[in-house]
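Here is the structure we will look at, set down as structure tokens.
Note that the chains take the letters A, B and C in the order they are written out, and that residue 1 is the start of every chain.
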């Protein structure tokens, strides 16, 4: 059979549960399922390609494929965050419904296709924490003047309400927080944040993850390389990533509760942001999204597709699911 | 041996051999990246290869993204600022003032000059950590008076070289900043972790000077015309020492207390040094221009090696260098401690030939995952690694401290004096390394206290 | 800055040019021009450390005295720093301040040293520069074409500008390398016609 031997640079350490480990799952599964014909060698963050340059490297075929959270492309591809995390956006399973069944995938392939990149959804995890803060957040004004690490569209929103927002790769956040270079940060789900050690420095952990209701990561494949693959190999890679989506959601959901419990035992205050703050943030989110949409046609197209889907889905969601507060 | 292993190994050996041609280290690294890419691409185009090697120039061209990654690195901004601060302290005569005043305090103790040099070296170490600056400065300031006091040339040179290199270990340290960056560790942890081992080395040096000058008084004769230490002498000395000492405390303190980031502290330190120079009436256009130009050259020669090394390590990885080192270390017939000791021995030996920058950029990221897998604390290991690396400045033939000293020493100092002089200090370094290795709390205690 | 070696440094002034080993190569009419250009540019670029220092001071003041942080001013820090070190590469080579391992090198004849330098530039330095220039060009052009901006909201726009520093820096390094190459050929083959300094 045709041999596929790819070096795959990743944006997250491959031991981060749900966020980084899906790619090792994919690599292992492909190796075994193909009888050794498909070999993906995962290259840890920065070893080959700097984390924020992965999409570019794939686009220019400097590496055949890469695994990353494409919200990092925000400065280059304005529509990218919509495929990565949307404030007040869809639930994880809702996003898979949009991606696999309701035109999301075609849009993703269209937007990234312009960059000569073929995106394959390869991990979805649930909401992130709304951030780690040195001091409690009771009113919107408490966010003003904070220097905070915040990714994606949520970053623009929180900047609108008066925070000073910076973007750092995962590996640099602890140091910045510890040295006081930033006052607060979001990164991912509690189990991952705990691995990065934020709880050692700041004690207020807020929820819900308004800025990132789902977190999607992709295996990005150079389109020319993808075109060269046999149907069998394409199918196998698709299958592995689809399985990884299910497994990452499962992993992400399985472990957070326990982690929050141990964090609380260590003196971390885990609580929800007051509703007025969330309402205000939602309002600003709509403004920011509208503004982005007016600047970029792709952004507008994707946003409208997602909105339309969510409107229809809401009917089902509202009727069918139990209000689970009992 | 597989093809990738042969390529990786020959790439490494080529580097060691080509070093001795005397062509700039940075461009040997960059050039080898291109040459070995060409070889690898040629082989993969003409032969059936079933291992990971480099198959196209596109992969090597990632060097552009990697240089860009060095450019937009906000942590490394501190480096030129620390260089600037060190040069400013030196050109304003502040460092010289420190020396002449401290000698008055210790002049009547046997070995007093050497101890003074050691103390100034410690202060300098805590202020910047640019070895070139520390060693040349200490040589110019202290070597002539020591020789005049008929100190043994070996003791004088050894002391200067040894304490001059402490700056790379005692925070703030560009080496630790770089290591933290490469390993995604908090720089604060490394700073705090390296502090006690650094001080330990300083103490070992001072104890050695005291003991040897007691046992062999002819090595360090007492000054014949030393002033008695009166209150007036002490007060005058303290007044003279105060401004630079305060600056140093402010820079160090703000980093320790988590008040300022290393970048902020470095900028404030540079600015403070310029202000002190202004108050001393030494700051003028010419001096400012000189300091800026020397900052550019020093920064550029260090970053040239970064640039070369990032290309070199990219290609070395592309040829399976990672896997080679990892499998080599794991297949060593020792337990975990044996592996770490083997790594340290290799680093110590590499240090005879290579500079800390190359070792930090190339070797450290290769061995760190292996050590973590063996269950060691990464902060502890990195500090031990740093102590081991610091020794490389002293070990001939390629000991930069030795070159810097020889470069500015009076002509009666031969390279032989320098080589003989550093031997006892290299032994002391190894003793310090052993203590740090065996007594892990020396490293881990301060960081653990700081995070309560 | 005078790149020639002065064996007796004056007190209080320490220059790396005294410490770093120099092979004295003859100049020629072309290399004098190129070296002069690189040196003057390097001296001008060296002033970048002052604005960098002042921006840091300004940021520190704003943050600790007024509790405000501005991302664009944080970003300008690494812009200045990267301008300083990337442009410095050529200046550093022109003034021969790069680290060399001169244990063996010192004992070789001037002619042999020059041959090493010539071959090194030809087979190592210039190919490396070529690699970077060839691939940095689309890197910069891409950023320009898609109008790349900082990924941080409120960060600096026009990413292609700072990315082009990488390209320009390596073009300058190429100039410094060619100048030195010509100085080698001047010594070895008398081409271009050497002008002895000092």
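The rule we apply is simple: contacts are C-beta pairs under 8 Å (C-beta built on N, C-alpha and C of every residue); 3 or more make two chains touch, one makes a residue touch a chain.
Since the structure is predicted, the reported quantities are computational estimates derived from the model, not experimental observations.
Participant: If every chain is a node and each touching pair gets an edge, what shape is that graph: line, ring, star, complete or other?
Facilitator: complete
Participant: Could you tell me which pair, A-B or B-C, is linked by more C-beta pairs in contact?
Facilitator: Looking at B-C and A-B side by side, B-C shows more C-beta contacts.
Participant: So how far apart, in whole Å, are chain A and chain B when each is placed at the average of its C-alpha atoms?
Facilitator: Centre separation, chain A to chain B: 40 Å.
Participant: Could you give the separation in Å between the centres of chain B and chain C, each centre being the mean of its C-alpha atoms?
Facilitator: A distance of 23 Å separates the two centres.
Participant: If a residue has to touch 2 or more other chains to count, which residues of chain A qualify?
Facilitator: In chain A, 56, 60 touch at least two other chains.
Participant: In chain B, which residues are in touch with two or more of the other chains?
Facilitator: Counting only residues that touch two or more other chains, chain B contributes 61, 65, 68, 259-260, 263-264.
Participant: Residues of chain C touching 2+ other chains?
Facilitator: In chain C, 74, 139 touch at least two other chains.
Participant: Report the residues of chain C in contact with chain A in the complex, numbered from low to high.
Facilitator: 63, 67-71, 74, 138-139, 142-143, 146, 148-155, 159
Participant: Given the complex with chain C, which residues does chain A contribute to the contact?
Facilitator: 52, 56, 60, 72-77, 145, 147, 155-156, 159, 164-167
Participant: So in the complex, the part of chain A that touches chain B is made up of which residues?
Facilitator: Of all residues in chain A, those touching chain B are 3, 5, 7, 41, 43-50, 53, 56-57, 60-63, 171-172, 174-176, 178-181, 200-201.
Participant: Mind listing the chain C positions that touch chain B in their complex?
Facilitator: 1, 9, 11-16, 18-21, 42-43, 45-47, 49-50, 52-57, 59-60, 64, 74, 77-78, 81-82, 84-89, 91-93, 95, 97-106, 108, 113, 116-117, 120, 123-125, 127-128, 131-132, 134-136, 139, 162-163, 165-166
Participant: Which residues, counting only chain B, touch chain C once they are in their complex?
Facilitator: 19-28, 30-35, 57, 60-61, 63-65, 67-68, 70-74, 76-77, 80-81, 84, 90-91, 93, 96, 132-133, 136-137, 140, 259-260, 263-264, 266-268, 270-271, 274, 288-290, 292-301, 303-305, 307-308, 311, 353, 355, 397-398, 400, 403-404, 407-408
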